[in-house]
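Here the structure comes first, spelled out in structure tokens, and everything after it is commentary.
For clarity, chains are labelled A, B, C, D, E, F and G in written order, and residue numbers in each chain start from 1.
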Amino acid sequence: MLKKIFVLFLLTVTGVALWQSFRHAPFGENRVGDVENPETVSAFYLKHSPETLHTANSVTAIVVNFRGFDTLGEVTVLFLAATGLASILYRRKEDEEEEGGHLPVRVKLKSSTLVRTGAKILFPLILLLGIYVFVHGHLTPGGGFQGGAIIATGFLLMFITYKRFNVNHKIMVWLESLSGLAFVLIGLYGLVAYGSFLQNIPWTGRLNDLISGGLIPLIYIFIGIKVATELTNVLDTLMNTKPRKK
Amino acid sequence: MNSFQEVFIRYRELMEIAVYGVAILLILIGLYAVLTKKHLVKVVIGLSIMDAGVNLLFVGVGYITNHTAPIFSPGYEDAADKMVDPVPQALVLTAIVIGFAVTALALSLVIRLYRHHKTANIEQLNSLRW
Amino acid sequence: MVISPVHYIVAPLAAAFLIPLLNKLYDDAARVVPGIVLGYLVVVSAVLVPQVLHNGPITEIIAGWRPPFGINLVMTPFSAILALLVSFMAFVIWLYGFRFRRTLKGGVVMYYEILQMMMTAGALGIILTGDLFNMFVFVEIAGITAISLAAFYRDRDGAEAGFKYMLLGSLASVFLLLGILLLYTQTHSLNMAQIAERMPAVAQGVKIMALIFLLVSLGIEAEMFPLNSWAPDAYSQAPSPTSAAFAAVLGVAAVYALARVSYTLFDAQSVSMFLMVMGFLTMFFAETAAIAQTDLKRMLAYSSMGQMGLVMVALGIGNETALFGALFLIINHAVIKALLFMTGSYFIYNNNSKRLVALNGIHKRLPYVSFLFSLGALAIIGFPPFSGFWSKFYILSGAAKRELLPLIIGILAITIVEMTYYLRVIGRIYFGKEETEPASHKPSINALVAMTSLAVIIVVLGLYPDLISGYLHKASMFLLDKQAYIQNVLSVK
Amino acid sequence: MDIYVALLILFGGALVAFFIDDLNRRWTGPVALAFALAAAVAFALTPEGQHFRLSILGFDLHWQQDAAARFFGWIVLGLTVLALIYSVKYMEGKARLGYFYAAFLMSAGGMLGVSVSRDLISFFVFWEIMTWTSFLLAIYNAYYGVETKGIKYIIFSSIGAYAMLTAIVMAGHYYHTYDIADLWQAGAFSFRNHWYIPAFLMLGFAVKAAVVPFHVWAPDVYAKTPMSFTTVFSGAMSKMGVLGLLMVLTGLYAGGGDGMFWFRWILGWLGGITAVVGTLQAIRQNDAKYLLAYSSVAQLGYIVTALATGTRLGLMAALYLAVLHAAFKGALFMVAGAVEKQAGTTDFREISGLIKRMPWTFFVALVSVISLAGVPPLGGFVGKWLLYESLITETHSYFLVIVIFFSSTAAFLYAYRFLFGLFLGQAEEEIKQVKEASWWMLLPMLVLAAVSIVTGMYPGLIFKPAADVLAGWGLPVPDWHMSILLNNWGNGVDLVTVGSTVGIVFVLVAIYITLKGRKTTKWVSTKDISTSGEIPSPQDNLTFQRGFFKPFERAIGRLYDWDANGIWEDLGAALEAFFGFVRKIYTGNAQTYALYVIVFLVILLIFGAKIFS
Amino acid sequence: MTSTSYHSPPLVHYLYTFILVWILWYAFTTSLDPAELIVGAVIAAVISFITVRYFECCDPILLAPQHLLYFIQYFFVFLGALIKANFDVARRVINPKLPINPGIVKFESKLNNRFAKMVLANSITLTPGTLTVDVKGSTFYIHWIDVKGGDPETAYKEIAEPFERILLKIYG
Amino acid sequence: MTAIVINIALMLIGTAAFIGLLRFVKGPTAADRAVASDTLSVIGIAGLVLLAYVFRRYIYTDLALVYAVLGFIGIIVIARFIERAL
Amino acid sequence: METVLLILHYAGLFLILLGSVFLFLGALGIYRMPDLYNRLQAGTKASTLGAMSTILGVGLIQPSWFIKLFIIVIFIALANPLSSHALARASYKAGVKPIITSDTDEYAAVADEAGKPKTEKNTQTL
């Protein structure tokens, strides 16, 4: 009890401090400044995203190009989380013995037949939605991460409704590796051809065309594939750890 | 027409409380869970709530009254000066993905801890000390 | 393709993505490829570091957007030296562990190798990036690999260590994000040089808040008391090459981040007292905890924390002399602690126990390893003529220049504590009564090469510190010169 | 020959010795000896006044072959060579010889380095090398020493060394130089400017010289280290403390000795107390090694007192005693080592009557003990004479004279006990198997005994280099003659005459006793002694040696209650307990750790404005 | 991406899935830009390849004109029920004191097709006072807010009959 | 007229979301919270589409679609969790 | 054409209003109904129709958005009852007892088939 009061005191101080400091950035205030003569990075991006990169979604322009290096790191974080997860949860013979000879199982109980039927119909729809989201990453809200996540939830739906729905790990490994590699190679192409890593090609098309933004949509597609496979992998690993009687 | 937007302007202070306040509150709630909940999963949930609060704060900071999403979709090609700050949105995307990665890793650790100790009570998790 | 700083990041990344594929084609790919990559990074360092030291900092533009608009990598003399150190140490650690992990099976080796290599990439990213948010990303890369590696072994309490690290690491990333966001709202930039340039205009209150969040966050990573409680667990539970890398790779990057934030983003003066006091407390609590340890790796972990504390003290002292000492100490600590973990690992391997009691009389079974361990122990205490002495001497001289007599006395008093437990271990190794004689695992040739090369560095740097002192002076001067950093980064076209 | 050659030979020899042990264990000792000899030759060939300068990290290291370097360098090298000759047989068959000889040579190198260093940085570097290598030797005989006894040595040494280091960095800051001569010039060692610089330096030297209350490490370490190194440990390494004190005092006196009186008084009395404490403790020891160890503490007390006088005769006495102590105490430790090797123990209660079994060893012991006791005609006498002269006629410290006199007189008791306990009395059956030590061991012992004898008649042999040291450092130099001892009133004693007379008498008496003693001795077991009416328990050791000086101990009993050792050990235990308590903050609970983080954050948030202003 | 434990489905299934997905793509993009259509075709091909095994909702035969009519009929029946259901809900929500007599009843459906069963179940859920709790085989378990009779026949009549009649015409 | 209707609709939806939130807070079982969040997600989808209209941004409708999909799968996962089938 | 658009506009407004009212009622339903199954009954029907109506209403006002909004509507029609069913089934299996006044619970006998012990009261909270 005393501890909780103490914790509440700590939280109060933290909260007040946070509130006070963020009052210095009033909500809704325009801190971007003049877009035509940018003083801030935001203004610069808002100017050059449509003008130079011809990318409608300036968030995408930032994520994939202006700050594409962050994104490469981000993709790596995801990849490493999947690797770490696998290294933490891999099953050894000893584990199985410890658990009394249980086999891993994804879901313990059969799911509702209705949901199973529904899942089958929705699965392609969800995949398509995911792909749509990352293919149009430079035009509409969303992108590689969002699209990848949607695809992974599609797989999640199948995982939890079907005991025996399995992904082909070999294909997953290939997709995962190659898409990650493709990102790096595109970056290296920029380095070799134009002098800086991840630099976009000069031809960036027309604003709001599907084929626009130079290499941005291409990169986002690879990110989408990578994120989709990665997240699916993570879900697969996490769900494949429950013991089941032999 | 957009009285919705007028509300945003007129009650800026209120919105500030609503957005920043909720974000900070989320951080604090998450922190509370981290500091007091005994179940490992609840601690991890606490961390996720904290992450959510921070992410919300990011998005909130980038908002500009009466401005729109920084997407130059048809009809908005020349609205650059009417768009909210895109940078925090890009950053928050990264933060979310990283938060997800950490959460997944945390859960895997919880699974292993549970399997090993047959308990998910954080207080019984002290074989390593001093 | 001309060698440029971005190779530090891209090479390991590409390799990490590629390894799962190659491993399907060639069984040992997962073990070999990281070595090639890390070796390549050493080559990159060998090319770039002299350039930086002679021609001044390199600022590499990424994606074609000049700073502050794009992310950029900055290789100052300070970061260049640390990048060289980190890549070299990572390579040596890889070499050391090359045959060690034969005992592990199948895909697990691949996970291990990828994570270990990427920890280095994360550390290099932290050291090289000129962008604050990018630093966050690399901190997370390093953090995730470190958590996974701490939890790697099943038969230890790895998961517990990993969970603790994860918990504190997550708090760290929340605070780091808050700090970055606060700075962003005030300076409208994420580029460290531009933030530094615009810092004077920021209101004092917000500045301090941002500073607090950044310091707490990086303090967790840099093992600052009382934020360092994850460290003993993580160090002691991780596989030994990883423990070595915690000290030699991750620790280096964490301290670098702390230094960069304190010196470039903020005023070194305003954090001086804080760093000195916290560094000193870190030393005190770590070394006093170390003395009572019964577990070798845990003892070494506490010792690492103590050394980090000393580095923080030196950063706090903040004059050129102390910074020189700090940089030298970072190098020494990386090399020596890695040697101690490597040799200690063979003790553990032979004894099947991490307990110090098991070390009694082990020199009969592992004479050369014992010799190297003792050398490392003497060096880390700071006994001349080993390299540890010079760094400590410089730090003390720096303190003397600020006439901080109590600090000097305090540091030395704690050194006596440190000395006590290291010498006890040496005593055990050489004079303890041996109980049983289990089968010996002699170190493999690659491990011998790795350990010996570190020992040689320790001795050579001790006898001839001027081999590197010129560079270290340059680096520490540059760290102090905030305007030069801003100038260098922002003038890039 | 350059000055660094001898050093390189010693350090290189250490490396060679370490690794040669793996090839052939019998070569290790001779190889080490060869290196030591080579170093001695190199040192001899180094011309007087030669400088060697080296810049490391911007520090100008400065080594010089001057009078002081030669004086202390020869103490080090002489003892090292002799001790290594002794070691060849003494260490035969023991384990870890590579380790032993490597540490030995490095330690010698460290001491030689200290002797030649003329800047504080190289001084400190060599000082530390000598310290940690000697630590490695101090723990050589038992791991259990590491936990308690050996670690005490290194802790005390490091307290001293780090006090020095503090002084050094502060001096570097204030005076922008580490060169000793420049520091003298600048008055760095004066109490007036920064009192802690000289004070901390002297603290470091006092620990090495085993001055009370920092002496507690010495007895254990001297007694536990292999005797062949204890010789050097007690004979030479403690003299490095003397060298350091002399160096600081030089600076102090050069600075006009401002307000020095109180300081000299303190140092002098510390020396006196050290002498008394060492002597009283030596008396009650049952083990020859411990007796000698405490005796060393006492003897160093004299030297410190002599240094503290700061007068012509006093300084001379200090340097003279430094050499003599090296000679006779070195010899005595070798004797103890020989007895230990041949008879298996040095415990008086286990042993007696070795005189017939080890006559040469006895001879060395006799000569050295006489020299130690300060009785004419041997060298020790001259040192005592000088000390008394200085205290009485130059500083008029009469109380101190009484203390020193008390200590010297009491020293007869332990000197007697040492001789009697080991060599005289009746030999038990098991003693009769004991043989004389090997000539490899006897040779260095005899050489050291010869030093005592020769200096007893020709003290000028030491006066001359000592005077050079004093003159070289600008300290007052007394008049001296090769073999005539002058007092302040102008009367002289011809030591050669005294020496020869006493020598002839001694030989005659010795012959008489030997002849007569053989007839009258009647054998009774020494372990069958009455217990004065008390009923002994089975555990009681009934050897008569057990209560050797019981009456004396009873007489001064209260003095023994104050046990510095116990206080230090209590302090250490209290510290460890405190540390054990402190580390409990690492509770192992992840949530507590998170709480630490938040508490820390909140503290910063509340006080941030103050902390980071 | 999915495992290949079943024998491979006929080509027409691929084609059918492909077309449906492609149409959906068009719905998402609502653009006749050739680039979009080409990309959509490629994606639809990939998805049909991945999911053809699972995507079994609607046989092409369902597109026959008479079936289309039934669909429209079904739609209106359903819409009516839905609106009725909503006013029922409104009534109950605004005045929760209305007599309720909840229970779970079961009935047997004559439908064999899984998709049809799902449509029926969903329709039941959206119509007044009923909620499909589970379907086992062809037995439907329905939570009924106002049970008018516990026996399966009554339940069937009250709950499923109007929908199933039409569905049987299509899938029967 | 349009504005009035839209504003009323927004208010109704907002109130609905608030009431749903009350049930979410109240529980009492996990299943009840799941029911609440299910309804909330549907309310949210409608709200999103309405807001897209308010702001006249077609691209926001994508969000509604994605939200619908994720909300549905989320509820299915929670349902599986509630029946302890995962 | 103008007129058509105008009609569509007002129809759309009507649908929006109607939809939002039903959404409101749905929310009220899940708040006020006595047990979980009744809440589901009310919540699903009202929210499904409400959302569909609102979204279609917007589609009528903005005809160029119609196709995509129609997809959303179809999705809701398909998915929302399914999710409600899944929740009802799961809750029942997890032991959340419905209020039964009609003495009819045909499901009780078969719900248990997984061999899971039924608890009297569901104590599982998130």
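Annotations for the structure displayed:
The working rule: a contact is a pair of C-beta atoms (placed from the backbone, for glycine too) under 8 Å apart; a residue touches a chain by one contact, two chains touch by 3 or more.
Computed from a predicted model, the values in this text were never measured in an experiment.
Comparing the CA-atom centres of all chains against that of subunit A, the greatest distance is found for D. Of all chains, the one whose CA centroid is most distant from that of subunit C is E. Rounded to whole angstrom, the centroid-to-centroid distance between subunit B and subunit C, based on C-alpha atoms, equals 30 Å.
Put simply, the C-alpha centre of subunit C and that of subunit G have 56 angstrom between them. Spacing of subunit D relative to subunit E, judged by their CA centroids, is 100 angstrom. Centre-to-centre spacing of subunit E and subunit G amounts to 15 Å, using the average Cα coordinate of each chain. Among all residues of subunit G, those that touch two or more other chains are 26, 28, 40, 44, 48, 64, 68, 71, 75, 78-79, 82, 84-86, 89, 93. Shared interface positions of subunit C, defined as residues touching 2 or more other chains, are 133, 137, 140, 144, 147-148, 151, 159, 162-164, 167, 171, 178, 185, 190, 205, 209, 232, 289, 292. Residues of subunit B in contact with at least two other chains: 27, 31, 34-36, 43, 57, 61, 69, 71, 73, 87, 91, 94, 98, 101-102, 105, 109, 112, 125-128, 130.
Contact annotation for chain pairs lists A-B, A-C, A-D, A-E, A-F, A-G, B-C, B-D, B-F, C-D, E-G, F-G, with touch applied as defined. Contact residues of subunit G toward subunit A in the complex are 75, 78-79, 82, 85-86, 89, 93, 114.
Contacts from subunit A toward subunit B in the complex involve residues 3-4, 7-8, 10-11, 14-15, 18-19, 22-23, 25-32, 34-35, 41-42, 45-47, 49-50, 55-59, 61-63, 66-67, 70-71, 73-74, 77-78, 80-82, 84-85, 88-89, 95, 98-99, 139-141, 143, 145, 207-208, 227, 234, 237-238, 241. Listed in rising order, the residues of subunit B touching subunit F in the complex are 1-4, 68-69, 71, 73, 75-76. Residue ranges of subunit D in contact with subunit A, taken from their complex: 595, 598-599, 601-602, 605-606. Of all residues in subunit A, those touching subunit F in their complex are 107-109, 111, 115, 119, 122, 125-126, 129, 133, 136, 139-142, 146, 150, 153-154, 156-157, 160-161, 239, 242.
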